[in-house]
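What follows are several structures.
Presented sequentially are two complexes of subunit A, the first with subunit B as partner and the second with subunit C.
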Partner chain A sequence: MPDFGFSIKKTRSESIDNGSKQKYEELVRRVPSFKRCFQCGCCTATCSARQFSDFNIRRMHTLFRRGDADGLSEQLKKCMLCGKCTLVCPRGVNIRQLVISMRTILDNGEKK
Partner chain B sequence: MKISIIPYSAFVIPFLIGVVIMAVTCIIKYIRWIRMFDAAQRDVIRHNWFSWKTIPALWEMFREGLLHFRIIRKNAVLGIMHQAFALGWALLIVVGAIQSKNAIACMNQEQSITQLNTLIEQNGWYSFDKDKNIILNKRITYDEAGNKVHLHYYRPFYAAIFYNYFIHKEPASFRKAQAYADLMDGLLLYVFLGLTLALAKRLWSKSVGVRRKASHNLVDRVTKLSLWMIFPLRLISESITSSLYGNGGFLTKYLGSFLSPDIFQYFELVSWLSYSVVLAIFFISMPFTRYMHIFTELLLIWFRKIGMKESTRPTGYTRFELNACSRCGVCIEGCPIDKELDNHRIQAVYLIRGLRAHRREAKMKIIADNCLMCDRCVNDCPVGIDISSIRRMTRSKGSLDTIGNYSYIGTPRPFNAIGRIAYFGGCMSHLTPGITQAMQKIFEAADQKYWYMDRDRSICCGRPLRQQGFLNQADDLMCKNTEMIERSGAMMLVTSCPICYRSFKEEYNLKIPVMHHTEYIDLLLRQGKLNLKRDKRTVSYHDPCELGRGCGIYEQPRNVLNSVTTVRKIKEQKEESICCGFNLGNAVISIEEQTKIRDAAVRSLTAKPVDAIVTACPMCKKSFQHATDRYPVQDIAEVVAANLIKQDE
Partner chain C sequence: MKKVAIIGAGPAGIEAASVLARAGVPVTVFEKSSDSLSNLRDKSFLFPNFQPSPELVDEFSGKLQADNITVRHGSCITELKWKGTSWELVCNGSQNLVFDAVLIATGYRTFDASRKEELGYGIYKGVITSLEMEQMIKSGSIPNANGDIPQRIAFLQCVGSRDEKSGNNYCSKVCCVTAVKQAIEVRKILPKTELTIFYMDLRMWGQGFEEMYRTAQEKYGIDFIRGRISEAASTFDGRIQIKTEDTLLGLPMKASVDLLVLMVGMEASDGTRTVGRSCDICGEYGFIRTLNPHLYDNETDRPGLFAAGSCKRPMSINDSVNDGRSAATVIREYLDQLSEN
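And then the complex of A and B:
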């Protein structure tokens, strides 16, 4: 990486080489409302699983969007599908379907 | 000497082939499905086959298989159509069998040689002597030795079906012959009533009160046509025979009098043959089309009434359920997805048809996923098919459904709640703190010791996962909650969320009683532990799907509300209540679509002037709150809590 005279935090960096946009496109095809997400974090704030662990659904959305899906499948299993996030989402994103779809896409990917 | 006489004509062959193929196919299928039963279902058969449950089972088989009471209650015209076909046809067979049995028994008793001679001259009767030699057109009265011959008339079962062709003149000793013939014509007329209604439904379904009828595939349509052809062809054949020989009842005689024997004698065999062929087409295609429901429905009612239940995985019982569906389309009538979203592909009838035909799994999942699981179709189904269970099976997630995902919850903190009431708000109640606060207020006002078990952190009851086909994951959560409740020693569980309530009641095996808060408040009121002042408002009550149709709790919430306010009756209430649209059963419809269904529910709730909408589910409350500013939306607990009279005042 060339030295630009400033550094980027690892968590904020996005590797276009490693990431795969294909999975994101597949997800948007399955859950079109995901495009509306403006990452406000209401879903995470209300999350039942969050109360017990460091489960962070908003972070997972971001990681998936970037195509950075390492270990995401394991994390997503923690979701209880209780649906609170979907009900509070101000943008009307169907987050339950998003979780199921993300898991399906990742699962199919891992199989191959 | 003994002479055997048998009625037979070549045109019965197609009919016989049809019956044999139908019987063999049905028996093979039934044996296969019975062998697919799981252990629990086998146990039910072993223990309950002959028990006191047999009598109600037989009654329901008669009531639903022939009389179709459930459809009549939903839609009288449609019910009479089904009844006319089922009961009319069944009686035609039964009365026809009795008629032919009596006629031939009388012939056997009379031993009339004149009768024999007429029959030998008539087409369709064959007589044999004791060496199986055929006797043709010989007038026999005495044999060589001079003894009187003994006549034995056989009665093959098709004699009842083609009775008029074979018996032109009943023996004189069969006194009620004309009454039987008239009764048979009456029954045929009854079937024609059904046929007319079916035709009306086919051409303009609204004329029989059907908003939208099921669309059928080609095979079903051809079979339906053959079914519809059976009865007119029977009438035509009988009329032609009547025109030639003057037999038959009031209808066939009347029609026969219009037909000239000179012309129609050439058509007699043709029309009987086509009657036989049409019967054969119907019988052969029956096991492979929706008409398989005719026998399967009866078996299904039997199995269900002796206590058999749907399992979580497809079993033989599922096959019976799938084949018991007659695709009558009653499930389409109430479906909010059909009504509000104009999606006419995902209803129970199409799901069952696809599963029955073993269509591709991915395709079936798309159909199975798009359902609110509001149980409206389960409630409406005249056959009583457990459609929601079948849907859940189809939704099964396979490899995604892993075990041990919820280790992060850890072991729940033991809490000593012996003698207390455990209160489980449920996830959704955390979004409507009004309900949980109201419940706490009620507990305190009634002086009840309670333990708010999910005050800080809530573990989901597992039903949302189960609805989406994650059975193992749901079981994991179930274990956690069961452990927490059983360790605490609580004496009762009260929950505010109907989804959790149904889960605790049906899926958990808790040793303590489970109550929804509407039931619990009703109990407190009956015990006189709550003092309430009257609220002057008039409200409409929305039956949540899981509480009403799911658990049959209709009266308790109304009792509670009537003791505080006035409840206005609305058109779509109790079993017919419209889902609020946000039901967790459906994960695939978008918020816009959910909103459409919700608006329909709100329209129905506010069709008559009311001051507020009251419901008993945090989910419904949340849903309606967003819909309207004009009407306050409240939970029953909130209405009660707001009208409590404090003891010390």
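And then the complex of A and C:
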């Protein structure tokens, strides 16, 4: 392709066309209660790690749901697994287990 | 002459009684309290037209004055027994009375907010329920815990509804619009107080509700933040610190407020549970189970036993009135069939 002196930037919009459902499906297989999340933000509001870092568990699992889990494995290390999120969740999602499973799924992906 | 018993003197029960009485059917209304319409009496103004609740109380009370209606206050129905062609009601544990048809209109109770301990109700003075806010609006004075003018008031939706932890997965339906209504009423009393409604979804399902929401934003300067408050704690100066996530920004949020109003959901009342259990028509969450939600929503699977109003599910006042009216029609058809046979 000839060099026109400029490049086309990768789009910054979220795309559910390109996102992979595979990791999300693996996640809900491990933690079925995750399907019930209705994005109220109680988990993030009460999160201990969030008080000291930019860790946002609700946003993170939403990204996972959209198939955009790249780069989350560094973020997930910030979770201290205190489990307060699970206590306050009004939909009874096992969020603590969710974090552990997200870590496992992402680590397995990286090993391959 | 066929006789009908109505259990519960609320909007649904009274409306049904009034329609039946006008058609010449003798009706006995059993009310466990010493006064009818106790839930309605707790309200200040009613959505969506801001009608003062005493006006409605007066009108309903007038309807009960009809010749064919006997009202028995202080009468608690503890048991219902099917006697082949009629129902026997056990009143106050001793008296047994027989009726051809029974309408259950035993209504709702509000969720006990102290069950959500993390929200601090019953622990901190600044945390109140929507019911207490109704009383404050009614009295025209809305003080903070120290008796001063509040600088900021937060309303939290879905307390005891849409909540697996309290066993109530259902939506209570009326709290969204009630919070908007209360915020508007509070604004009329406190022109300078910051008013914020914390919501997850605003379900403005009824006529005029969406317009109220719009007016609340446009005319009354009420703020809406999408996020559920997960914790409330006291600050050193007696205010309430709340924690939530502003889910639209994706940022956690801390705020101190003078009053945190918990919009408590509707649950099946104790009477609804007792009656439902007694005749085996207890549905989900203790509400009365009807035969079919589309076509047979006043009928139960027992003959001669009908249900109307918020004993079936959370319902607004106008829906309860309509439901009472529809139950009256169904009961008349049932009585006609009895007479033919």
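Definition applied: the second predicted complex is superposed on the first by the 97 of 112 C-alpha atoms of A that agree within 3 Å, B and C clash if a C-alpha of one lies under 4 Å from a C-alpha of the other, contacts with A are read in each partner's own complex, and residues count from 1 in each chain.
Everything below uses one rule, namely that a residue touches a chain if its C-beta (ideal position, glycine included) is under 8 Å from a C-beta of that chain, and two chains touch if they have at least 3 such contacts.
Remember, it's a predicted structure, so these values are computed and weren't measured experimentally.
J.: Assess the superposed three-chain arrangement around subunit A: do subunit B and subunit C clash, or do they fit?
T.: Overlaying the two structures gives subunit B and subunit C room side by side.
J.: Once the two complexes are aligned on chain A, which partner has more residues of subunit A within touching range, subunit B or subunit C?
T.: B
J.: Once chain A of both complexes is superposed, is A:80 in touch with subunit B (first), subunit C (second), both, or neither?
T.: first
J.: Taking the superposition as given, does A:44 touch the first partner, subunit B, the second, subunit C, both, or neither?
T.: second
J.: Return first, second, both or neither, reflecting whether A:20 touches subunit B, subunit C, both chains, or no partner chain.
T.: neither
J.: May I ask you to decide whether A:92 touches subunit B, subunit C, both, or neither, giving the answer as first, second, both or neither?
T.: The answer is both, since A:92 touches subunit B and subunit C.
J.: For the combined overlay, can you note the least CA distance between subunit B and subunit C, rounded to whole Å?
T.: 6
J.: Both subunit B and subunit C contact which residues of subunit A?
T.: 46, 51, 88, 92
J.: Help me check something: in the complex, which residues belonging to subunit A touch subunit C?
T.: 36, 38-47, 50-51, 56, 58-59, 88-92
J.: Touching residues of subunit C toward subunit A in the complex: what are they?
T.: 118, 158, 162-165, 200, 226-231, 243-247, 250-253
J.: What residues on subunit A touch subunit B, complex-wise?
T.: The contact residues of subunit A facing subunit B are 32-33, 46, 48-49, 51-53, 55, 77-78, 80-84, 87-88, 92, 94, 96-97, 100, 103-104, 107, 111.
J.: State the interface residues of subunit B toward subunit A in the complex, per the touch definition above.
T.: 397, 399-400, 402, 405-406, 408-410, 427-428, 430-431, 456-460, 462, 464-465, 468, 470, 473, 477, 582, 584, 587-592, 619, 622
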